[in-house]
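Two complexes follow with subunit A in common, the first pairing it with subunit B and the second with subunit C.
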Partner chain A sequence: MAKVSDQLKRPFSYTYNVVVLVLLLIFVSLPKVNRMSARIVARRLGSKLLHRFAPAATLHSHATSFGFKEVNEEEKSQLVGNVFTKVASNYDIMNDLMSGGLHRLWKDRLVSKLSPFPGMKHLDVAGGTGDVAFRILESINSVSRRATEDTLEDDLQEETQIYVCDINPNMLNVGKKRAQERGLGDLGSLVWVEGDAEKLTFKDDSMDGYTIAFGIRNVTHIEKVLAEAYRVLKKGGRFLCLELSHVDTPVFKQLYDYYSFSVIPVLGELVAGDRDSYQYLVESVRRFPPQEVFASMIADAGFQKVEYENLVGGVVAIHSGVKI
Partner chain B sequence: MMQRGRRLFQFSYYSYSFLRGKSNPSCSSSLIRTPFRFLSSNNPVDVDTSASSSSFIHHQHTTTDTSGGFNYQQQQARLLQASLNHVIRLGWTEAAMIAAARDLALSPSIVGSISSSSSSSPSAAAALVEYFMDQCLQNLIHIIQDSGDLQDLPPSHRISNLIKLRLQMQAPYISNWPQALSIQAQPSNISTSFKQRAMLVDEFLNASYNEQPTAPDWYLKRTIVAGIYSTTELYMLTDNSTDFEDTWIFLNERVRDAFDLEKTFQEVKYFAEAVGAGFQGFKNKGGY
Partner chain C sequence: MVRGSEMVKISKTLTEILVCPLSKQPLRVCDKSSSLISDAIGVSFPIVDGIPCLVPRDGEIVETEDAPSECKADSFDSKNNHKTT
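Let's look at the complex of A and B:
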């Protein structure tokens, strides 16, 4: 609870408040578009049929989804790379605007579920700008924790290592800058690594924890990422995944769809000057497997005690599993 | 005005919880508590029967991967058992569990995944206390089944002996027991601890009485025995005598008082009946 109040005490800028008000006005005044849901359904059916009748021309590479488009696998990582190169500088502002500041609370919840401890070796994948890593480090180093600590743990504090892995060097650079601003830049505990989530360079059984926040829907092969996570974790290590997910409650679903498809790309255009990246974002959320399916994929990778928790009625879900 | 204010407060509280994703307080006991949750290794699949109801409550998948090693439930039980060795030094906290995880060559991250049965969010310390209470109850049941000499004593002595046996299991941890009691008293844990104590008191009384009590008697006896148990437990916290002798003297006196009270109620009943009969006779004779 202390962390939430700390977040709230930080002053929000005046311009942020004005932009939020403008967004609300847009949201209320534009007419509701019913065609949207029909279009989504048609696209989903269309892509299902495409999978069945894919031409034999694509012999070695399989088709995968980039939003609602179908692309080759090699292309997908390149396209995703382009998206994040473009959004890296505005990534955090856009997160704040799109979620109304809620993403901070979601990441707080993820870290409190993780229950970090001193001496932990943790890997945060696709965590380019470092949000989750900073929270973990601050939770371990927090004053309230130090007050109740055993002397043994003080020594272990030195051994804490948080690895931040991201495929995109621009995102990592933004993260390193933010670390400096927060005063965490010179600690040896944060290690920035450029790498692919599907082929991690870490040894087997080396990590106590693995988190991936809003990254797993961008990968080409989800199963490979889960298998790598399983490989890299120690016995007893935990896998946690924070991701935008599917909403099922009737009225809220319509509101959420409207917000996603009408407001977010417009926001992307206004603030970041890039409508397509944010169109990709909302489409990739719809293409990602729903909560139950993803949970069964995690269980198939070998994890036990697989659970998920819906936040904001399913807009975001935290999936967790333990390697035994 | 007050109504509006209260409704506004309730609305803002529930919308905040909705956004934060905390489970709705009215359905917080969604995880059904089965007795000896941690100790039953022949039931590895834990099914959450409220799975499809609401999106606030989290959902569970458990696999029974017993190929070669232990599965999650078994590891959890091993971890909790090993944690008890560290409780004396480190208290009923996550630190004790982290130390135990290191002993078992497991990553201490597993401590973050342990949840007690009454809260949907992980709470390792509460799970540890719950495990200890379950284990003590199981030990007590074994002792009752094994010992035959308990049958020869009158009920008051039987109850007294059983309570003493049970409290002696807590004796090694007595320096930290206040912390365990405070954990049990927390709002999120109180339903579990209440159920565990109710089961314990059931056990005391089933072992002491052989006849089937009638309903009002049942509640009354259980309330009285629960009261005796709790007060003795609290007395034990500040008892410095050797082998807790003062506590056992206190216990015997309380049990005697309770049985005396029962006798007193009986006598009052007979007296009332006698007076009533006298009045009847008086009226029948025409009354003088």
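Let's look at the complex of A and C:
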């Protein structure tokens, strides 16, 4: 354990994150991968779960919930917009602080599940500050370097297009700046677009991949976002969603709730001078449908092979599906 | 001139894959007004700092008399052979 306390002095080191992650995973050891096609898991959780979170009721309550507050559907988008305009400049630092740097590993996992390839057309929705898009691009560039060098590879690499779509211009501007700092700005592979996840501005069947990381929780109509994701993906295209999700393990749940409601808003106040936005964040996580319900919504949108993987006992889940 | 070539590069990518978020019909680039025009519904969407703003609420109704004369000469229009003006 001495090793862990040494690591604690360097909170953002990779080793520390791995140690914490491993300990937590051992502690909670929930089944990691669940296939929606076998609804056995849903039945095991008990019909009362499905009854309590009947899809129609969930959808309606999500559209009118802003954290624990009730709002008009029309207002929600504006309120969420205000939150992200305020948090944009501190977004990445706060992510590191709140998750102890773990969000980086979670995004790495998301991108590895995507299996990016040179020449792909990918859409990252709610991708504001660019974390996922940069990882995809860097993964593709490293794949290309490992492969034999020939002109075909170079051409394909040039054809790679990662579209970063976000409804909030402040987040996009932060992303664009970070791209420059990372040396990815002038490649032409990154295209920044201000757009609405519920009304995407891309052609049908145009994308090889679609990701949405920590974004779907904030939309007004989840089912519209899923329908649009289905529309823009090509046949064989993959949908991947990384989102904060639900923890059920008894002791860990209490710890997580305490951390969420007592620590995070205070962190927001101290670091960003903005308690309310982070209060919204933790509340919105609780209001988002649980893993099984969200998986069934993805299936309802038409996706096949819908499954999800819990990370850190369900603090985060990666849901995926394929358009066939 | 760097700004001009950035616009050109963006335009090429845009016309190939972007559509109007509301009608899902093709968009037309207008370099002069730095915007994307959806002829299907007569709305123009601005391009700000090289970022196209295609959220429905960003759209502005286009005066039909102005649009053809200002933007007709753009070379990228040749890609969209079926204009609905």
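FYI, the second predicted complex is superposed on the first by the 250 of 324 C-alpha atoms of A that agree within 3 Å, B and C clash if a C-alpha of one lies under 4 Å from a C-alpha of the other, contacts with A are read in each partner's own complex, and residues count from 1 in each chain.
By definition in this document, a contact is a pair of C-beta atoms (placed from the backbone, for glycine too) under 8 Å apart; a residue touches a chain by one contact, two chains touch by 3 or more.
Remember, predicted model here, so these are calculated numbers, not experimental data.
S.K.: Going by the contact rule stated at the top, is it subunit B or subunit C that touches a larger number of residues on subunit A?
M.R.: Of subunit B and subunit C, the partner in contact with more residues of subunit A is B.
S.K.: Looking at the overlay, what does A:202 touch: subunit B (first), subunit C (second), both, or neither?
M.R.: A:202: touches subunit C, not subunit B.
S.K.: Can A:311 be said to touch subunit B (first), subunit C (second), both, or neither?
M.R.: Once the two structures are laid over each other on A, A:311 reaches subunit B alone.
S.K.: After the superposition on A, what does A:113 contact: first (subunit B), second (subunit C), both or neither?
M.R.: First partner only.
S.K.: On the A-aligned overlay, A:71 touches which partner chain: subunit B = first, subunit C = second, or both, or neither?
M.R.: Neither subunit B nor subunit C is touched by A:71.
S.K.: For A:324, using the defined touch cut-off, is the partner it touches subunit B, subunit C, both, or neither? Pick first, second, both or neither.
M.R.: First partner only, subunit B.
S.K.: For A:297, decide between first (touching subunit B), second (touching subunit C), both and neither.
M.R.: In the superposed model, A:297 contacts neither subunit B nor subunit C.
S.K.: Help me check something: in the complex, which residues belonging to subunit A touch subunit C?
M.R.: Touching subunit C from subunit A are residues 121, 161, 163, 167, 169, 172-173, 176, 188, 191-196, 199-204, 206.
S.K.: List the residues on subunit A that touch subunit B in their complex, please.
M.R.: For subunit A paired with subunit B, touching residues are 102, 105, 109, 113-115, 117, 120, 148-150, 153, 208-209, 233-238, 248-249, 291-292, 295-296, 299, 302, 304-314, 316, 320, 322, 324.
S.K.: Touching residues of subunit C toward subunit A in the complex: what are they?
M.R.: Subunit C residues touching subunit A: 9-10, 13, 17-22, 24, 48-56, 58.
S.K.: Taking the complex as given, what residues does subunit B use to touch subunit A?
M.R.: For subunit B paired with subunit A, touching residues are 18-21, 55-56, 58-63, 65, 69-72, 75, 90, 93-95, 98, 101, 105-113, 120-122, 124.
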